[in-house]
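Read from first to last, the chains carry the letters A, B and C; within each, the first residue is number 1.
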Amino acid sequence: MKPAPFGYVRAGSLDEALAALAEGGEDAKPIAGGQSLVPALNLRLVRPTLLVDLNHAGLDGIAANGTLTVGATTRQAALVGDERVHPLVREALPFVGHFVTRNRGTVGGSIAHADGAAELPLCLVALGGKVVVDGPSGRRVIAADEFFITHFTTALGAGELVVETVWPLAATGESSAFEELALRAGDFAQSMVAVVLRRDADGKVVDASVAVGAVSDHPIRLREVETLLVGTSGAEAAADAGSLAATLVDPPGSIHASARYSRALTGALTTRAIERAA
Amino acid sequence: MTEVELTVNGRVVRETVEPRLLLTDFLRHRLGLTGTHVGCEHGVCGACTVLLDGVSVRGCCLLAIQADGSRVETVESLAESGPLTELQESFRRHHALQCGFCTPGILMAATDLLSRGRPTRAEIADMLSGHLCRCTGYTPIVDAIEACVDRDGSA
Amino acid sequence: MGVATERETWVGRSVLRVEDEALLRGKGRFMDDLEPVPHAWHAAIVRSQVAHARVAVDASAALDHPGVRGVLTGDDVASLSRPFPAGIESPVPHYAAAVGTARYVGEPLAVVVAKDRYLAEDAAELVAVDYEPLEPVVEPTAGEVIHERSFHYGDVDDALARADVVIRQTFRVPRFTCLPVECYGVVCDWDEPAGRLTAWANFQGPFTLHGVAAAALGLRADRFRLLTPPDSGGSFGIKAAILPYVVLVGLAARALGVPVRWTEDRLEHLAASATATGRVTELEAGFTSDGELVALRYDALEDVGAYVRAPEPATLYRMHGSLAGAYRVRNVAARNRIVLTNTIPSGLNRGFGGPQLYFGLERVMAIAARRLGIDPVELARRNLVPADEMPYRTPSGGLYDSGDYAACLDRAVELAGHDELRKRVEAAREAGRIAGIGLACVVEPSISNMGYITLAQTAVERAAGLPKSGNAEGASVAVDPLGGVTVRLGTTPQGQGHRTVVAQVVADELGCDPDDVTVLSELDTATTPWTVASGNYSSRFSGVGAGAAQAAARRVRVKMDAVRAHLGELELPLRKVAGTIHWHPEGLPDGMEPGLSAVAFYAVPNLDPPDAEDRVVSSGAHGFIVDICAVEIDRATGAVTVTDYASVHDAGTLLNPLLADGQVRGGFAHGVGAALFERHAYDDDGNLMTASLVDYVTPTAPDLPALVVDHLESPSPFTALGAKGLGEGATMSAPVAIANAVADALGVDDLELPLTAPRVWELLGDGDEG
């Protein structure tokens, strides 16, 4: 399977990239890691007229100052083993593709691609992170839970690029857990759940984040489950939280799993994640 | 058409390429380096894995033009014209290949993994989850790579 | 005679492979690596997007595209070729491309030939296809039955009527495919003035199909030269079905007057190469109350996809001699029906009829064990063919050469720690977990009788035609003037190590070192000794392939020994004998032909055509496997974990234990894939849902359970080296062993592969868990 023809420009800076995208119009596409885009090109599912290569535009790098700022073209592998990265993300990373694809796939690319079954968008939503975007109308910051709209669709406007993602650092009194079930290691999830709990000195949950992915068209926070957990120890409410979670998602069936299963699985993973976020 | 210049297996290469030419096709048909194999062209099977600037990547998910200015190493670079490397010998001893089609991609990924430290058996199996082998049942491959770990950390 | 008898043999040793060096260096020579013909053009195939439709193809826009040489359409194919012959009559003629009607998604409609593959794909998109949809059939039980034959041995009706317990169950085995990592590759060069086609393809045999392709092309067999590359990236049966593509590409080369190359991509492979048949079997089994199996009745509905493509209906008949599996039941009946569906045509796939048969038979044994209150191991033991009846003639005519099935079972029980497993499962259940144990006993046939396919005809029809029988292979051994030995084989390996093993066999025969023996496994129908049975399928190599190499080497040795005797130097080394023969032919014994090479053809005995009672020795050798495994099931997610898996194989004499172990492990991976992951699936409209590697899910390293293997060796009295095939057995045993464990854990009788987490979860609550 070979791609249809396209033009190519290698951007040496963010400004060059934005200019090339503006000039290329709506059929120009940025390419970062290419682990999703090039297969789509090979399958001729997408046919851009111009590819704008971001890999040399200076958009990589990780900086920590109160939050963790991750440049868009930072490789997923760069997060592995970096102690500054939030434990939730470090737990999710082994599920992101495979060793070799993480070497090339980027954090920003995963965020911009917005596959509803991708782990990094889910973690960003669960942690309440932010996406920094730049484009024809300048730079803006978008909260994660406003960035992902539906399958492969984000709040990015025409000619805009993800420049950075901003991630909270681990906080005291906070614990987290990530659960996923895929048919095989590295496959797209059948369901996945990210839980972050903040507890007071008595061990009671004061703040909860419960987010699910793969069973919806974009990662969603289950606010009612979060409310249920507040004031409990977490584990004591885990079973109820899971049952509630199962009713809050409406997954389609697929050739692999029925909707009924995907709902029940989400509930089970929610319970497990809450139990483990001890 | 664009001119690219890159280093492939230690040699500087200058070629003119269409943007859409995949790195795998460039290596195999333009340069005659047929050791890198094509199994799926959608990034799943791992047979096309090569090193780009020292790091293992899927060749089918890269355009040749993107490798301009970079260093590419393929399976042919492991032993060049000399004796088999320790990793390759280990594969032979453990019968970690049968048809050999998936082998080059696995050798390159394993070379990368071993260069980063001392992976556990579970880490080796996890790396291998990105590679399809339909002949060996994987256990001999894990054994072969693991046998190269109990040295001073280099492969 | 000679040096070999005075030291340990090479055969039986774990000699490291001669194939490895080149493969490890990336110097393998696979089909897409070769440029056998200069200036070949490149093909891209336009394929049907609809499962069943009348199609009209307009290639005019494609023909105008730059870089395009031409387009071959279905109409061209119809005018330049004849339909492929198959083992049975079919209402639907099968050409290399759809002619007027497409019958499965992915069926070739046209071939675009251009300067490179990129351009060919660009132009292929410009071929306009007009579809007039027709009703698709996807569900086998809704399809038109195009073949039916029934078989009856003993008295099944009577035995069932007198049985204390009769189990009746329907079993479904889905379509799955072995998915080699290398896809098909073809290069064709048509010489119009000479009326010859030369084709290179990673074909695996059987070479019966060479004749099928020649017939379609309207060529005499000697005008269709077929060559295989030195290396092939796996096949497991799938690359038998490449021949229709050789015909298609050959016709493109002919019509357009240029050599043409086609390299299949993965999406094409999943849609339109081949898969195993799907099968729905209604099985009735009668037992006495103390567990004797007294009758088996199979009613099998075989889904061969859109066309009966040779060698089908072989999948349905391959196991005919083993219908009763490992058991000594004498009353066996089978009704075989074949149905067409609008799906990918079926073909060889590792196991070839074994997985389909044993899923029914071994499930029924497990169900019976539960219903009779007898432990499955004990139930098997009561029914296994006894060692003292070997060679054993089965009711359907099969001939089991050797084996101590009870000893194998005992060894498996020991290896698995069966008693410990049972205690662990009990403890798990008491703790509220879901756990179970599964057993499978499988007779693994190898070396197919080319005549078994004629069971698709009645005895009267057979008597009117040319009989088919046997399984023969050819090999040549030549010794050059400096004592180097070169062997040519017709066994077209794809990683099984034939070159290494044959070097061992020939070294033993000639009294030299395997390093002195060069083995060529590329097959050229013009120069390699071959016959219709040549190729790599039904695990025939260790019997017939090795046998042919030994026979050819023996002829050379006999000649050398005669020369040694003539010279009065019985210990003269090989190098000197060879030098003498080549340089001094006048010094040879009177009447001895000069030169030092031999061609031999070797056949395994007993493989007669089916008799008038429809009994046939369907396979030349039979191994035996006992698998015992344990599973735990996650109540919340349905995920199945195989906690233990032990397998005992008896494949007769092991020619190279290292390679034998590799075959078992490789087969196990395919079996686990079928058990827990794989299904080639269509929706109700015939759209392929498992169209890429994202959705056709095969296991990777972390997905496979640990496997403990032991080998017993009951040499075959029928093969030259006492070896039996062992490449396929695990694909026959693992799916049902795991299914039995899951059924035991869940307390259900009815379950279907693959046992993925979502599918197992649906079964929770259906049964009485442990």
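Here, a contact is a pair of C-beta atoms (placed from the backbone, for glycine too) under 8 Å apart; a residue touches a chain by one contact, two chains touch by 3 or more.
These figures come from a predicted structure and were not determined experimentally.
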item	value
From chain C, the most remote chain by mean C-alpha position	A
Core chain by centroid distance, with centroids computed from Cα atoms only	C
Chain centre separation in whole Å, for chain C relative to chain A (CA means)	44
Chain centre separation in whole Å, for chain B relative to chain A (CA means)	28
Sequence positions of chain B contacting 2 or more other chains	18, 20, 41-42, 126, 129-130
Contacts with 2+ other chains: residues of chain C	118, 265-266, 692, 694, 700, 702-703
Shared interface positions of chain A, touching two or more other chains	1-5, 43, 184-186
Residues of chain B defined as touching chain C within the complex	18, 20-21, 28, 33-42, 44-45, 47, 74-76, 78-79, 84, 88, 91-93, 95, 97-104, 107, 122, 124-126, 128-142
Residues of chain C defined as touching chain B within the complex	16-17, 19-21, 23-30, 32-33, 118, 178-183, 231-234, 236, 265-266, 494-497, 658-659, 661-662, 665-670, 692-694, 698, 700-704, 706-707
Contact set on chain B toward chain A in their complex	2, 18-20, 22, 25, 41-43, 46, 49, 52, 55-58, 60-63, 65-66, 68, 109, 112-113, 126-127, 129-130
Chain A - residues contacting chain B, complex	1-8, 10, 31, 34-35, 38-39, 41-43, 51, 53, 55, 77, 94, 97-101, 103-104, 184-186
Chain C-facing residues of chain A, complex	1-5, 43-44, 181, 183-188, 190, 255-258, 260-262, 264-265, 268-269, 271-272
